[in-house]
Each structure stands twice: as C-alpha cells, then as structure tokens.
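Just passing along the structure, written as structure tokens.
Going by the order they are written in, the chains are A, B, C and D; count residues from 1 in each one.
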Amino acid sequence: MAEIEIGLGKTARRGFGLDELTIVPSRRTRDAELVDLAWELQGFRFELPVLAAPCDSVVSPHNAAAFDDMGGVAVLDLEGLWTRYADATPLLAEIAELSDETASARLQEIYKQPVDPDLIVERVRAIRETGAVSAGAVTPHRIEELLPKVLESELDLLLIRSTVLSAEHVTKDGEALNLKTFIRQLDIPVLAGSCTSYQAALHLMRTGAAGVLVGVGTGVGATTSDTFGVGVPLATAIADARAARMRHLDETGVYVHIIADGGMDTGGDVAKALACGADAVMLGAPLAGTTDAPGQGCHWTPVGARADVPHSERIRIPARGTQREVLVGPSDSADGRLDLMGALRAAMASSGYETLKEFQKAELMIIPEVTR
Amino acid sequence: MAEIEIGLGKTARRGFGLDELTIVPSRRTRDAELVDLAWELQGFRFELPVLAAPCDSVVSPHNAAAFDDMGGVAVLDLEGLWTRYADATPLLAEIAELSDETASARLQEIYKQPVDPDLIVERVRAIRETGAVSAGAVTPHRIEELLPKVLESELDLLLIRSTVLSAEHVTKDGEALNLKTFIRQLDIPVLAGSCTSYQAALHLMRTGAAGVLVGVGTGVGATTSDTFGVGVPLATAIADARAARMRHLDETGVYVHIIADGGMDTGGDVAKALACGADAVMLGAPLAGTTDAPGQGCHWTPVGARADVPHSERIRIPARGTQREVLVGPSDSADGRLDLMGALRAAMASSGYETLKEFQKAELMIIPEVTR
Amino acid sequence: MAEIEIGLGKTARRGFGLDELTIVPSRRTRDAELVDLAWELQGFRFELPVLAAPCDSVVSPHNAAAFDDMGGVAVLDLEGLWTRYADATPLLAEIAELSDETASARLQEIYKQPVDPDLIVERVRAIRETGAVSAGAVTPHRIEELLPKVLESELDLLLIRSTVLSAEHVTKDGEALNLKTFIRQLDIPVLAGSCTSYQAALHLMRTGAAGVLVGVGTGVGATTSDTFGVGVPLATAIADARAARMRHLDETGVYVHIIADGGMDTGGDVAKALACGADAVMLGAPLAGTTDAPGQGCHWTPVGARADVPHSERIRIPARGTQREVLVGPSDSADGRLDLMGALRAAMASSGYETLKEFQKAELMIIPEVTR
Amino acid sequence: MAEIEIGLGKTARRGFGLDELTIVPSRRTRDAELVDLAWELQGFRFELPVLAAPCDSVVSPHNAAAFDDMGGVAVLDLEGLWTRYADATPLLAEIAELSDETASARLQEIYKQPVDPDLIVERVRAIRETGAVSAGAVTPHRIEELLPKVLESELDLLLIRSTVLSAEHVTKDGEALNLKTFIRQLDIPVLAGSCTSYQAALHLMRTGAAGVLVGVGTGVGATTSDTFGVGVPLATAIADARAARMRHLDETGVYVHIIADGGMDTGGDVAKALACGADAVMLGAPLAGTTDAPGQGCHWTPVGARADVPHSERIRIPARGTQREVLVGPSDSADGRLDLMGALRAAMASSGYETLKEFQKAELMIIPEVTR
C-alpha cells in the first residue's frame, strides 16, 4: 500500500470514500432481469443484499415483516425503546415533535429507562410470528447480561455492534468480553462491528462471526470523525476488510461476509460499496427519511461516540418516499434516492455483471470529487 | 496506466474530467481565419465538428436545416415526439408549462404513445427536402423493428444510442441484437454509443460503425453516476477511446470517429474534448438552453438510466441566446457560453493549431479544479 | 520527502493539514477510563495536554486558576492589557462592544499604552497566590527589557512567542537577541515559537528551550498565509518538528516538547495534532468562543503579522459553552466542539492507546478533504 | 517533469496555481527594514517590483507619476481611451455608470474610435514631463504601424502585449510581424507577452526582449480558460519561464526578466509569484478596485480573448482603499489586500530573505487548496 509522507519520517496511507469512485462498464451489457441480487448467510437466503439498521427511527417490531417481504432483513435494536418501554409509540411521537434545542437532552433521558429483558423475548417473538427472519442488535457491553433472554427469544441473527468494535477490548478491571471465545460458543449466526482496518476486521473474522460490519464515522448522524478524529473512508475500509476476508478464507476455508455499515445514500453508493467488496449493505438514514419510518422524519443512532453520550444527535431527514419506495420502488424519478435496489440492478446490468460476487470484481475509477 | 491502491490489493485508475484540464499554447500562434474546423465522415463533409443531440428539446424536423446551414448536423430522435404524434407542437408547449412536481410523471405518460413507423419516413423526408443532411437516432432495442422504415426514409446518418451501449448485449432469452453483424450489413453510416472504456469502444469500432459516441453520465440531466455509480469522466473516456481508435486503425486501416457525447457547456469544454482526441462533439443542454429551442427553456433526454424510467428528469435551462448564437455567434460576451465555434477557433489559433487533427495532439495540463 | 515538480526544475513538498487526516483504530479498543492524558514538562505535571493561549480574549489573571484546576495551564500575555492598564476590565468591555468597522483601529490604539513592568510582577503574583502554575508570554523583541521583572515575579513558565520565531534573527544594527545564549542562561523553563520547519524547530530546540510552539498562520484570526503567503499546514509542521525532536534527542539526550499552536477547533483536531507528534496543544479561538471568556465573544491575538499591525483583526466567535465545558464538559452534544478532552480520551480509547506517547504512534490516514 | 496519464497513452503535466502554494520560512528571520525590494531593468531602477497594468481602468496619464513616486511603474495603454479621444474623462465616467446589461456592447462601441497616433506622443510626453519613467503598451498587431509615433514620444519602456503572444505568429497572408527581428532593432527596452510555456517564453526571450510577461487567463476579467480552455496556472507558468530564463542566460549570458501578469490579489499572491521565480509583478484588478482608480470601481482589460471581442467584460470591483494604500499602505488591516508591498516585505523578513533574487530560491510547499 502506497504510503505518503506527511512530514519527515511520518507517513500515512490515502483513504478513499465512495464519492470518489465510479464503476467502469465492462464490454458486455446485460438485461436488468438477468441480474441476481440474492445473498446467503449461514443458511439464510436474502433476495436483496440489504439490512435495515438497528435504529429506533428505522426498525420497529411492526415493520420488520415488510423488510422481510421485500427480500431484505430488518435489525431491531434490542436495547432500544421497544425493549425499554411496553409501548414505544408515544415516545417516538414525542421525539419527532421535540425542538432541535431540547431533542438531545430529552433523548438521553428517554434512553435512561432500563432495558427490560423480558421485552426482548416479546419483541423477537412478535417478529418471528410474522414469518420474517428475526434479527436484533446488542452492544458488546450488555451482550453477556442479555444473552439468556436473546437465546430464549430464538432470535435468528444477532448483531454485536458498537462504534468501534475490536475482537479484544482492554478494560480497567481486565474483565472485558473476549469476543473470540464468546461468539464461537453461540449457535446463532453473529454479525459483529463496526471495524475499519485490515487487522481489526481479520481479528473480528477470527471470532467466528458470520459477518463483520465495516464503517466508522461515515453515516449520517455519526460524528466520530469530527468529534474525535477517528475513522477510515468507507471505500478503503471495505477494500481492506475484503483483503482480510481473502486471508481468513485462505487460512480457514471460511468465508466471512462484509456488511458496509452507514454512509450510503443513493443507489450509486450501494453499488459502489458492493463493487469495493461488500456482500451487503446496512442502511439507516435513507430508511429513516421516509414517510412511514418509525422516526417520523427524525433519525438518531444508538451507537454514540462515547459512553456518556450514548446516542447520536437527533437529526431531521426529509422524506423521499416510503421505505418500500426507497428500497424497491416504484420510482418515476432518476435521482437514485428511490428504488435503490432497482438502481443497483441497473448498475450491474449496464456494467455487465449478473451476480454480486462477480460485481465485487468490477473495475473502479477514481474521479475528481466535485464532479461526482 | 497508473493504478492507485484504494485498499489492500484493490486498485483503481484515476479518471479526469474536462474541468481538470487546460490546453497549453504551443510556441507559434496563428490567425483565427487560418483555422479549419471541417470534419469528414464517410463522404459527408461538415464545416463544424458538432452534432445537435437527438433530444426533442433540441432538435425538431423544423430546425434541422438551420444546423446544416451553420455547418453542423442535427440528429432527430426517431423515437421522440415527432414520430409518436402527428403534431408534437402542442406537447412541447405542454411540457414546457408543466410544474416541476408533475413534469416527470407526465413526461413518462406522453412518451407511452407508440412510435408510428410511417412518421419516421415523413419526418426524415421533411428534413431531406430542405437539402440538409438527415440524421436520426434509434435505441438498440428498437432498431431491428424500425429499420425498414428508416431505410425507406433514406436517412443519411444513423445513430444507435443508449446510455451504455456494448457491442454484445446479454439477454435472458439470448436473442439480443448483435451489433457486429447488424451494423456491418447496413449501407448508411452508423454512429453507435455511448461507451466509456477502451474495451467497449474497441468492440464498438469493430462493429463497422463509422463513429462511436463517448460519454456516460456526464451530461446535464444525465444521472447515471449518482443513480447507479457507473461512469467515466469525459476526458479519460475520450482519451481511452482514442487509444482504441489507434489500435483499430492499426489492425484494420479504418479510422473510426469519436464523438464526445454530453457534459460540455462552454467553448473551452468543446476545445478540450477535441484536444483529448474527439473528432466532433454532440451537444444537448447548451442547445436546449436557447430562446428558439423546441424545448422552450426545458431539457430532457431520451436516454434514461433504466428501462422503466426511459427519460431523464425535465430540467429548466436559462436561455443564453439563440441556437445560432450559441454555436456561431455573434456574441458581445466573452464567457464562452455563446459562439462556441468562435471560441474553439480562437483556442486553436492562440494555441497554434490549424486543423482538428493537429489539435488532437495539443499539450494538455491538469489544473486544480477550483481555479478552472 | 517526496518533492513534486511545480514547474521545470522547481519543486515543492506537499504539506498536509489536520483536516486531511484521520486516525485509524488499532486492533484493540480500550475503556476511556484507562486513558491517561497527563503530560510532564521539566518538573511540572499537567493532567491535560492543553495550554490556554496568551490572548487577552482568552486568559486573564482571574481565570488562570480555573485552567490549573482542570489540569491545564493558562498563559497570560505579559504584554497585554493587564500589564498595560491597572484595570483591563473596562477595556475588554469596550472592545467587545466596538463595531466591526471601528474595532481594528481602536484595538491598535488601546495597545499603544506602554507596558508597565511592575504590573507584570503584580499579575503573576496574583496567579501564583491562587496556587496555580503561572505562565506568561513575552515577544522576543521585549524579552530582554522585561526579563528583570519577569524574574522578580517568580513566573513558573515563560513563553517567548512571535508569529515566526527563529533561533537567530538578523537585524539592521546586528544587535538581535541570540536565543541560543539567552534561553540557556535562564533558570525557568521556556517554550519558544512559533516555528514551522524542521530546521527552524531543530535550531529552537538547540537554544535550550523546554518546548517549541509549532504553527504559523493556521489559527483563527491568524492571517499570515493570506497576508503574505507564508506558512506550513499544521499536520506537516508538527510531523517535521517531531523529526527534529528525534534528532535533537539523539544528539543531546534531551527531549524537547512540541506544542501545537493554533488552528484546532474540535476534539478531533486535538487528537490528530497529538497523533502527528505534538505533546500538547495551545488553544485560543475555542476558548475565546465561550460565555465566560475575557473577550466576551470576541477574539484577537497579540501575534500580529507585522510590526506596524501588531494585533490580528478582532473577530466574533459564537459561544459554544463555558471554558470549562469546552475543555472538560459536560456535553450533551456529540459535535466535538465541547468537552475536547473527553473527545480526546474517547479517540484514544477507541483507537486503542492509553498514553499520549503511545498515541503519537497512531496510524494516520489521508482523507479527501470534503468528506472530513 | 512528471507526466500523469489521463487516458491510455495520453498524458498531461499537473500545473499549479499560486493558491496551492505557501512559502516555508527558512531558519533565520530578519527585520523588515533589511528587506530590499529594488529591481533593475536595463538601466532603470525601480524601488518596488510592480507594474501597474496597461488598462484604462488602472492607469491614466494623470496617475503615472504617483506610481513612479511610490517606486513602481505605470504602463499606459497606448491603444486605450487616452490615445483615441482628446479627453477620456467623460468616457471613463460614462463607462462607470453603464448598467451591467449595456456595458459590454457600449464598451466595444467606445473603443471603435480609431487611435490618433499624435495623441500617443502627447500622452507619453505628459508623463515624461512629471519626471516619471514612461511606459506604454501596444498590441503586436498595431506595433509596426504605431512605432514611429512611439519613438517620437521618447517612451522609456515598451510593452508588446496580447493574450497569447508568440515569437512567431502565422497569418493567412504570411506577413506577420517577426518579433525576433523587430524587437532586436529597437533601442528602447521591450517587455513582451503574455506567454505561459517554457518554449514560448524561451523564444520570446530570444527576440531580444528585456522581459517577458507570463500569465494567460489567470487575471480577474480574463476569461481565456473558461472561454476557450487555454491557459496554464500561474505558479507553473512562472516556474517554467524561470527554467527558460536559466537556459537563455546559459546560452547568451543575458538575463531576461519575468513579469508575472495578472491573477494576483493579495500580498501573499505577490510574494508567492516572486518566490516561484518572477522578477516583478504586473497588477490590474487590485489597482482598479480602489477609490481613486480611473475606472471608478470598474475594471476591464484591453486584451480580449478574440479579435472580434477586443475587450474583456466590464466588471465591478469593490474598492479596498486608494491605489497608494493598496501598494504601500498604510493599512490598519491584516487581510493582505492593502499594503501589498509591506506584506511582501514582511513575507521576505519572516521567511528570512533580504533581496528579491534570494527570495526566488525560497522553499515552497503545496497545500490543500481549501485551507489556503
């Protein structure tokens, strides 16, 4: 990897964002109907390579089935409003109506209500009863405590997620969760993240996770880069994780999936994340900015930059349509912010690829940012 | 070609846009009157290296003669309003008056009216009767069906055009048009595109096309890059096609012309496209943004990003003068958005070139974008 | 160091700003409580690696104790209002109320009042009586004249500071202060700067200074780069000074501290400055833009670009909280402009470093500026 | 020179603008009073390295003496209003009052009045009578015709100037002015330009010119780059001309001066142009944007992009002070747009250089543009 000298004897790599890339068409175009967007993860087959992010503004027990129906999978925040309150509906309404000045403080207050582990069981079962794949997210700090109820709920897919997740975490009292032993002993498939570097991804892969989330500080509402200067642009983070996936596959024969996490807004963004090497994408803000999102026009993420500020700022996102229109259309517009999967299909067809695995080898070009 | 590593083991080329380039004057300036802008294509001689793009907002059967008179050539969309309706005039007026909110849906509706093949004959003959060279564009999906009427119309120059055109297209039923056999059997000169890569351009050249259109997602109203992340900046696309032209010439002795398609706005843009290696340019938006364009201040393109969204968004373009003033002046302004051919002539004179072929060898310099 | 040719035979290095960098997390995260921000300078131990800049808008004899209490150190401008006037309070109020049109002229006028050396003794003693470490700044032009009173005041830490400070200054009459002999004979620790290059930093280190300030033209209100085109982006300036520190340490066994001076606004900026190699940071504008700053919403710096324009422009800075909130919180926001030290702690924890010395070796990545 | 591949087999150099550079201080600062800004050109000694550009909006027969008094030299446009009209005063007033819509057309009209050669003699003598050095500019197209009167006027310094000037110009009838023989036979020192490339500069130097103007399309009001895509960023243009100067000096022993022409606005810009290798700068817009400029708040240049649009657009420039304040102060501001020579002096002092020749060797650094 080319190192650039930023001062005498001090070097840095150049990282690339998705906005700096385009996909170069190959010499054979295809019909869009030929394109297959399906994706398999440890026995689950999803028709679309997309997860709805575990944010109370995006996923509720009530809309998970709709995502399943479309071919994606919705991930419920198992430490969110729905496991803290018997009925989150009035709180979602209240949050949507808060002024920008009062939102931040009130948000922290609302989330001070403790998680009721029994509600985890209740919410996951509600999703399972619809016939949908049930997926839920827990932070690494709480996973050991909440695990019994998670298992009791018969959750299908578990996300262990914090802003920056490493396979080994050092604590003051030395009693940190060792993901390497913890995940390996679980029976359900685990997605773990987010991580951004080759080393961090490789070590997360070695925990036995079925997939790793890649992306730090790149999403809307995520503030890690400004707040504390930490992060890697998404295209480079995905490509580095792809290199880790190849090494891990070579060493173990196990293919660990890469989920691009945050920072994607249009169909083009999704296409480029996949062409960089991701197997699927996890979308938050684009699915919060819809007429039927639980957030009702507002978005916030449970992955706060710091322990004492657990949630991101609440931001308003103009609605671009329904969650269904955002994912699979229909759209009479061509700006790429509706029908993301249709746009992905068109991208693959016009650049000449039929499957996601082939598309990961698409030729990329770096473009001047302002003309993107 | 220099590859840049965007992540461990993943590389990409850097692509350049016209905005990033300038032309470096050679050591001998010339009088502008010495400059010869003429261009020949399979027996046709055009005094100006410019085609008016096949958009209903730019070209009608009624203004084609004026372009011919100036020395350029207008390309009529043979699947546009004029071949769908006996009189397109009221529809053009209606489109111009639609609100931004309703334009997109109504546009799709208007173009649902089927093409009447007999109108192709009628429109082309109307142009031929003025004495002008007649040029028309058809999409690859319809060309086989419409060909008999196109031939009956005695069209002079045929464009086969879609957003991303490849010599070989893969379809579900395997019955795709094989351009390699199709074009070679035609008697009229064919321009085919658009394409953006060396391989795609080379294979299009091998179809027997007289010229290839180069450019994807670079024009005003084109949304391919945002929508699905596919595209190559125009300067690099032209330069790559130029390399394909050299190889094809070496292999076959046949010189295939390169038409830069879209994404040019000023005389400087046109000059730089030619200096990158184009033989001529095809202009849409600059000719739509005129007081006498059929679009009456609005522009839309027939090359939609996807089959189910066949047309681009309708956008409003402030008029900068008449179509004639845009192309050949007169202009009392020096901002490069009027008299594009005069500006091209001045560019060639001041940088020291007399013919377009010489100008293709002009020295280029990469500049910081913001100071362009 | 890679040289880039800007013209035939003329080369330049590429300099990097903090905005172009991010910190790449290592593979082990840590608890924030494990992070140690302490820093030692010649017997003084500071719990936070931060100095409040010697600006009348930032530091007064009355708030120095509060900075000491937080763990930082406030540097009083010993040629500022408090040593020119018996009571600076009404002048600070007047400056805050000046219109933008009149501020510049009136500022120059106010500072025409001569420094009263006895007030130096009075102000420093007032700070010492609070139990705080006393630090004060003098310009190189006045240090010889003011030294007796500085020594009499029993100041703990002396800054010698001008926009561009070199170890050797050439004057018309040849009687310039030789910092190499001057600093070595002093008993109190000296911080000297600002400087920006490897050579300038190395020579300042050889004067016997305990630390060097690094940064020219990078701060808010600093105008050196626009005004006379001189300056080095902060990340490169720090990294070059770090190389000088290594050489000086190798030659002499003495570790000279590097203080990043100006141009930092968020916790991320501070983290990146330290990761580039700084031992501590000196903050002006972020501490002036507070509800309780002496400048009352206005900021100006005593380091003017030129002798006849000794002070920078007075600018207004929207308050983001109290000085304490800016440095150590609490903050219910996550935008990085409050609780800079908490953000630094989080940056180190999430990227896996426990001490500032380790953090100086953090992996850096260059990012496209517009996506910072 | 590093060539970058913009497409397969097509390369371009990267050109740099002044905005992308800063000057790195050397290790010894100096007193500003030590700095010597004097500059000598074939027997003339100027205390300041600055020429006022030959624009009617900048120089008149009435203010030339003031420039001389400050130490610079004003160049009168010998094909401007003052040689076309007996009294240009009412026309300057009229131009200043024209609306933006009508200005361009009226400007062309006013300049249709033929040049009265006798007025050349009258205007130059008026300047000479004040004791000032008299300098005047003529276009290459008219120089042969106007030369007798120019010589009769006993002009001290002659500029031959067009947008892009080459030593050899090719015309339709083959009767172009050969600068190589023409300039060599003149007795008065000639400055010729503008040029932008190594080859063009070298050949202009070989004409016997005392100096060459460097810069195309970089000034305010100049539109060459947008209009026809021709131009080289100023820093690279100067550095290339500097290489030509070294070769010419080596071949002939004659030092030809380089005058950076246009595109500089602040003291920093001037300093950087000189540090890139210029011997002096020619300023237009900064001297037009003054309270006492002949243009009365408006600026236009006689070097139009094309023969049929001889003058640039008329633009309004907010006044920043008097012409004297812009050049030599006084200034109570530090934004670099007043007292350009004071800022230059400060730049040289703080970066450690005493003479312009030494300053041409100053270390340069490339910076990210947006943080300039």
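Note that in this section a residue touches a chain if its C-beta (ideal position, glycine included) is under 8 Å from a C-beta of that chain, and two chains touch if they have at least 3 such contacts.
Note that the structure is predicted; figures quoted are calculated from it, not measured.
Asks: For the two copies chain D and chain C, is the contact made of the same residues on each side, with over half of the numbers shared, or of different residues?
Replies: Both copies touch with mostly different residues.
Asks: Centroid of chain B to centroid of chain C, CA atoms only: how many Å?
Replies: From the centre of chain B to the centre of chain C is 57 Å.
Asks: For chain B and chain D, let me know how many angstrom lie between their CA-based centres, rounded off.
Replies: 40
Asks: Which chain A residues sit where two or more other chains touch them?
Replies: Correct list: 14, 16, 236, 370.
Asks: What pairs of chains are touching here?
Replies: Per the contact definition above, the touching pairs are A-B, A-C, B-D, C-D.
Asks: Looking at the complex, which residues from chain A come into contact with chain C?
Replies: 4-10, 12-17, 19-20, 104-105, 108, 163-172, 176, 195-197, 199-200, 203, 216-217, 223-233, 236, 304-309, 312-313, 369-370
Asks: Can you tell me which positions in chain D touch chain C when the two form their complex?
Replies: Going through chain D, the ones touching chain C are 1-2, 14, 16, 18, 21-34, 198, 235-240, 242-243, 246, 266-272, 275-277, 329-336, 342-344, 346-347, 350-352, 354, 363-368, 370-372.
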